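There are two complexes below, and they share subunit A, which is joined by subunit B in the first and by subunit C in the second.
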Partner chain A sequence: MPELSIDGRKVNVPEGTTVIEAAEQLGIFVPRYCYHPGLSTAGNCRMCMVDVENSPKPQIACNLPATEGMVVETESEQARKDRAAVLEFLLANHPLDCPVCDQAGECDLQNYYMSFGLYDPRFGEQKVKKQKAIEVGPHVMLDQERCILCSRCVRFTDEITKTGEFGIFNRGDRAEVGLYPGETLDNPYSANVVDLCPVGALTERSFRFKARVWYLSSTESVCGGCSRGCNTELHHVSNRPHLNDGERLLRVKPRHNPDVNQWWMCDEGRYGHDWIDVDRLGEVRRRTDEASRRQVESTWEAALDGVGTALSAGGARVGVIASAELTNEDLFCLREVLGAHLGARIALPPAPAGGTSDDFLIRPDKTPNRKGATLLGIPDAATPSAEALVDAAIAGELDVLWVFGHDLVELVGAEKTRAAAVGECLLVYSGTNDHATVSLAHWVLPSAAAVEQDGTFVNCDGRVQRVGRALAPYGDSRENRRFLLEIAARTGTPAREDWNGPAGVFATMAEAVGSFAGMSYESIGDQGAHSAPSEALAEAEQS
Partner chain B sequence: MAVKVVQRPQLTFWEKLYIPQILCGLRITFRHFFRNLFLHIAHRFGRKTDVRAGVTYQYPEELRPLFSRLRTRHRLMVRGNGAPRCVGCMLCETVCPAKCITIVPAEHPDPDVEKFPVRFDINLGVCVYCGYCVEVCPEDAIRMDTGILDIAATSREAMKLDLHELMNPELRKPVAACGLDFPHQCGVHGGELRGSWEETLAALTHPE
Partner chain C sequence: MTFAHLEARADEIIGLYEYPRAAMLPLMWLVQADQGWISPEAEGWVAARLGVAISRVREVLSFYGMFRGEPMGRRELKVCTSLSCRLRGSEALLETIEDSLGIKPGETTPNGSVTLTKVECLCACEMSPMVQLDERFIGPVTADDTGTVAAITQDARSEPDSPAASPEPAPFIDSSGPVLSTRFGDPEGVWFDGYTAQGGYEAARKVLTSLKPEEVIEQVIAANLRGLGGAGFPAGRKWSFVPKNTEKPVYLVVNADEGEPGTSKDRHVMERDPHALLEGMLIAAFAIGAHKAYIYIRGEYFRPAQRLQRAIDEAYAQGWLGADVAGTGFALDVVVHRGAGAYICGEETALLSSLEGGKGQPKLKPPFPAISGLFGCPTIVNNVETIACVPFILRHGPERFAAIGTEKQGGTRLFCLSGHVERPGVFEEPVGVTLRELIEERGGGVRGGKRLKGVIPGGISARILTAEEIDIAMDFDSVGAAGSMAGSAGVIVMDEDTCMVSTLDSAAHFYADESCGQCSPCREGTGWIHRIVKRIGAGNGKLSDLDDLLTISHDMEGRTICVFSEAAAWPVQSYIAKFRGEFEDFIRSGRSLPSASAREVAHA
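Moving on, here comes the complex of A and B:
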């Protein structure tokens, strides 16, 4: 355990730790371009040069192993001069693109220049022209002029995805990053190079010119694209509806979580958020005419009264098709209000077969919270499949069939769906987006999407993670939890005062469900926490 | 911070006498009165027309000379090919304290320009004429030097300028026809996306 001193502060680090990591432990930030903790060390940008006592010249902190008694200065006059010199070289051929560059505002060239720049440029020479606006793949745009040749993107495709699309070609000031002949940057993790690129050389095509980054608000959340639950940051704009054609969510960025996704996320999850602003259900609808199944707009009051009356009719037989897209809080309310109190049978359709997966992040189950449903005992062993519930509805053995999120046509086919819709059974649908089942329902209750509410998901490894509320519920939609509690009030379920917010529901759930015992929103924090292994889970894993 | 002591001017003995000061003031009043009276009569008979009579400007027939640094209605600079010089960096939109600028940028076909505004609106009813937008623009694409001061309208809608009026300050509401070739959200046609780059790019192979 060598002990070294950085900027006059002592720190003990394990053998083999580099100076840049040791400095990080002390909370000292050494500026860097090519160094990234998730990639191998390249040591080519020279930005992290620090002063080391008894060393004849400055050393790069990213590749300098800490040794006993080392004395490092990161803020000395010499270190600052070195950084200014490095920046001067990096900018020698850098275009004056900041006004049109999507990186501006989160660009490390801009940021470091503000702190260590020369401010009095000495280069009067013609800049080297390179290619601009090259579409290197479906998601990524390359500008060779802006590249500072840090090789992060090259190392990412070599070491993480092992697809090797990128390379650095030519030499000297003609050196440029590019694709190997015949390659396209279309691996499933391609957009991570955009986050890695410290400058605006690699930018996202889907975010291109959509907004300036300083307009964005950020919310910590979890990706709902598959059961891995990669930690994300949602970037959204609420006060400038003219941007991004009115879509509120502008981009998704991965958030560092060493236990789940490290620094990365897949493209499918990153770009799979179009549904949040497209084809959304924004108003309550009611079927007015049995023969034509025509629907008209209705109100929440009417809907809750209508559904509540049907549910509280003596001996009502209720079936629920739940969804693994719901948060734990929603599922718990559903279980308590509809299951425990009204005796509903709750089915949960299994994940469709054939979902893509790999040995890195992507999981075959494309729902974010199946594990959470299992921990909550949904579906329990006695519950029939979704298809059996629909069959029961057709046979007149159910009075109410409440479908959450799923399209019945996909689950049981168009014929059975139609048969269930024309029967005696009251078909209630709650979900976020429009599809075939919606127009067949007696009542359509629009739900808020996961990004429009606080809640938790449990990922495939049993890690409980919080999703954040980035946006207001779309149109007139409401959180499932919220209208389920209204139903509870109308059906005579003892009202739970402490369920008023998601944190309250979670606290009750932590008391009632063993797997969540002792957890709270605070203890989960922004990095998630492991749920206790439960009997239900063990059983589910055995079967 | 250094403190600067400002001495308030004190009244002199002569000023404190009061009555002489009133007479001084009346002298100015009567000078203007008689000058206007006699010169206007003289002008009626075609005399002394080279001497100004009124001490006020006869707006709007007679316009006051403007100082060149005065901030007047905005204009957007135009490239040689008829496209705006603005690159849609949105810095003016960001800095505007009144939040009266609305910009929607889009991809420019020339990768050396990269970006341009398909929509650029300024709501003059909200603008406070601070000039920050001019100050911040990295392309010198927006200026407030048109000398247009007579900005009055009978509706809020008419106070909103779009690309047509900003690129051609001569235009007045209602703008009858759209004269822009490049793609833009055309206010003249209800905000629909119109125009193409073909003609604009052909107009000049090397935009300035």
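Moving on, here comes the complex of A and C:
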């Protein structure tokens, strides 16, 4: 464990630690372009040069092993000069087209110039001309002139996806990043190169000219695109509807979590969020005419009264088709209110077969919380399948069938769905988006999306992770948990008041469910925490 | 386009290497030799054969100057315009050839017979100004040598296999010895029988049968043999850095990527005395525990590569290479690996990157090659001339080699004299020879009785010395103490009429062209400097440009992975520091005023 000194402060680091990492431990940020902890060390940008005692030349902190007694200065006169010099070189041929660059505001050329540059520019020659606005793939736009040739994108496609699309061609100041002519950057993780690019050379096509980044709010969350649960940052606007045709979520970025997704996420997850603002259910609806099954807008009061009354009727036979898209907190309330108290049988349709997957991040189960449902005992061993519940509804053996999220047409086919909707059974639908089942329901209760509420998911590896509330519930939609508690009140279910907040539900859940024992909503933090293996889980994994 | 007829040869080539990817350059050479260029289909074929992404092939194609990404003429005429050739009139020569062929550099004659290319130094400076037609060097030839120019253009227009009308070069190549040049007398080269008749391979036999590796290293250390590629690092000490008892294979790599403008030495060893190099390699490989050696030779050196291969074939046939060298049980295989036109590959880690099948980009240190070099294994990279000294040391004893030189550097060097001397050529001299002796006695003084203005003592990267600074010994330490470097022993002499702005333009163009583009200060700085110098040369300079040039070059120095940026910075700094008045006068008047007298006239 060598001890070294950085800017006069001592730090002990494990053998093999580099100076840039050691500085990070002290909270000292050494500016960098090519260095990235998830990629091999390139050492080409020269931005992280530091002053090392007894070294005749400045050293790059990213490739300098920390040694015993080493004395490093990151803020000495020499180190400042070195960084300013490198910046001037990097900006010599840079087009300085910040006013039309999407990276402006989060660009490390801008940021470092303000922090470490501030020199008087001397470059007065003709700049090297390269290509701009090249669509290199479905998601990524390349501007060769803005590129500082740090090679992060090349190393990403070499080392992480091993697809090798990017290269740096030619040499000297004619060197340019690009793809082999005719090739496309379309690997399943392509957009990560945009996050890696420290400048405006690689930008997202979907975000192009949509908004200046300083208008964006950011919320830490977890991707719901599959059971991996990659940690994310959601970038959104709520008060500038003109920026993105009214869509509030502008982009999703991966958030570092060494135990889940490192620095990366797949394109499917990153761009699978259109549904949040498209074809959403924003109003309570009820069926007004049995013959035509016409629906009209209604109110939450009426809906909750209506559904509550049906559920409270003596001996009501209730079936619930739950969804692995729901948070643990929603599922727990569902289990307590509808299952434990009202005796509902709760089905959970399995993940459809054939979901794409790989040996990196992408999982075949495209729901984010199946493991959480399993830990909560949903479905339990005695629960019939979703199809059996629909059959029971058709046969008049159910009084209420409450469907969360699923389109029954996909689960049991159009004929059975229709049959279930025309029978005596009250069909209640809660969910976020419009589909065939919605128009057949007696009651439509619009649900908030996962990104519109706080809660937790459990990923495929059993890691409990918090979903952050980035947006207000769409239209008149409500969090599932919230209206389930209203149902509880109307049906005499003993629900606890503190279940209105995610921390309260989680606390009860931690008491009631072994897998969550000892955890709290707070302790999960922004990096998640591993659930205890439960018997239910072990059984589920065996089966 | 089909590649079926190349498959068998490709298999053989790939079989020479530990990893298929290392066969990148040879496979591209194979395709280009067969088809004249490397088409997109060929890139795809190479990528598939090597199991790499096609973008890797394009990176390599675009990095190396000799690979052709589009069809060109049946022949290629390259005209060197680097400093040594420029000093002796290559610009006028190029214009004459342009007029004669009716094309500009980069163009091909309408009938597709020849492509004209302007190139940087081909390291045949002893015959400057010179050209290369396909594989053949021709020179010296000046614009007023109408007969030779006509012969060259006639050859260029003829079919590739036609008999040559232009003469074979006959430069002055010293063969007086005592270490390196004793067998340089025959331009056709000394081969196995001739070499062994003069005691060749005796040193290797002695080493393999009676010495331990550490004893060999001790003798090389005692001989004060320094790295003659230009850095001057003690060769024996370098060898001692290879970890003992490593489980990985150890490689010996010979750096034959001679490319420093003004230099011409290694080529003569390979063309005229190739077995000396092979014997030195046997001894070096034994000392470091290597059983596989590569010779990385610059792509423009066709004939040296062919001759080396002939010598290697002889050595295998005679049992001096292979699984059981001369019955001693020691094994050594040698592979000649051709570069493809990139100066930076002379830097040892760039050379390794290139040998591994990539762009020639220097690698981060640490780790150093002796610990983790070729394919991540311990590797010693030595220059041709360095290795060629080794048989002498082991045969005659380190004391004798050391005694030839100075206190800290033993032996001799092959000095290339070029530029404005009466007798350009290659001269073997003890390393303690003075620069004045080289210029005045070996080179016959400044051409035409002119006064000496300046001299670059060790290749274009070395800082210039003025006429007052030439009374220095040419060993590494003495030239370093004088503020320059002995470098590659390429001595470029400039007379009083030499324009320093033009000289700097030559250097600045070279470095901007050859920077690998990896590190920001070098990539951007070399281009920036060249653009400023070009602007000054065009008469649009500002006096403030000079200070900008100094600070830009200073900002490049010491801030990059390799020392290329220093090499690019030193000419700028030293030319301006020592000839500032001339630069200022050029900027004020917008024209070249090289001599003091010319400047006085201009001021009057």
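In this section, the second predicted complex is superposed on the first by the 539 of 543 C-alpha atoms of A that agree within 3 Å, B and C clash if a C-alpha of one lies under 4 Å from a C-alpha of the other, contacts with A are read in each partner's own complex, and residues count from 1 in each chain.
Quick note on the criterion: a residue touches a chain if its C-beta (ideal position, glycine included) is under 8 Å from a C-beta of that chain, and two chains touch if they have at least 3 such contacts.
None of these values were measured; they are calculated from a predicted model.
In the superposed model, A:F506 lies in contact with neither subunit B nor subunit C. Of the two partner chains, subunit B is the only one touched by A:A133; subunit C is not. Once chain A of one complex is fitted onto chain A of the other, the partner contacts of A:L243 are limited to subunit B, with no touch recorded for subunit C.
In the superposition on chain A, contact is made by A:N170 with subunit C only, not with subunit B.
Set side by side, subunit B and subunit C differ in how many residues of subunit A they touch, and the one touching more is C.
Look at A:F123: by the touch rule set out above, it reaches subunit C but stays clear of subunit B. Touch criterion met: A:L90 reaches subunit C, while subunit B stays clear of it. When the shared chain is aligned, subunit B comes close enough to touch A:P99, but subunit C does not. When the shared chain is aligned, no partner comes close enough to touch A:Y429: not subunit B, not subunit C. Contact with neither subunit B nor subunit C is seen for A:F207 once the two complexes are overlaid on the shared chain. The residues of subunit A lying in touch with subunit B in their complex are 97-100, 104, 131-133, 208-209, 211-212, 214-215, 242-243.
The residues of subunit C lying in touch with subunit A in their complex are 40, 43, 52-56, 58-59, 62-63, 342, 359, 364, 366, 512-521, 523-528, 531-532, 535, 548, 552, 555-556, 558-561. Every residue of subunit A that touches subunit C in the complex is listed here, in rising order: 41-47, 49, 56-58, 63, 65, 82, 85-86, 88-90, 92-93, 122-123, 125-126, 128, 148-149, 158, 163-175, 179-181, 183.
Within the complex formed with subunit A, the residues of subunit B that make contact are 87-91, 94, 102, 104-107, 111-115, 119, 138-139.
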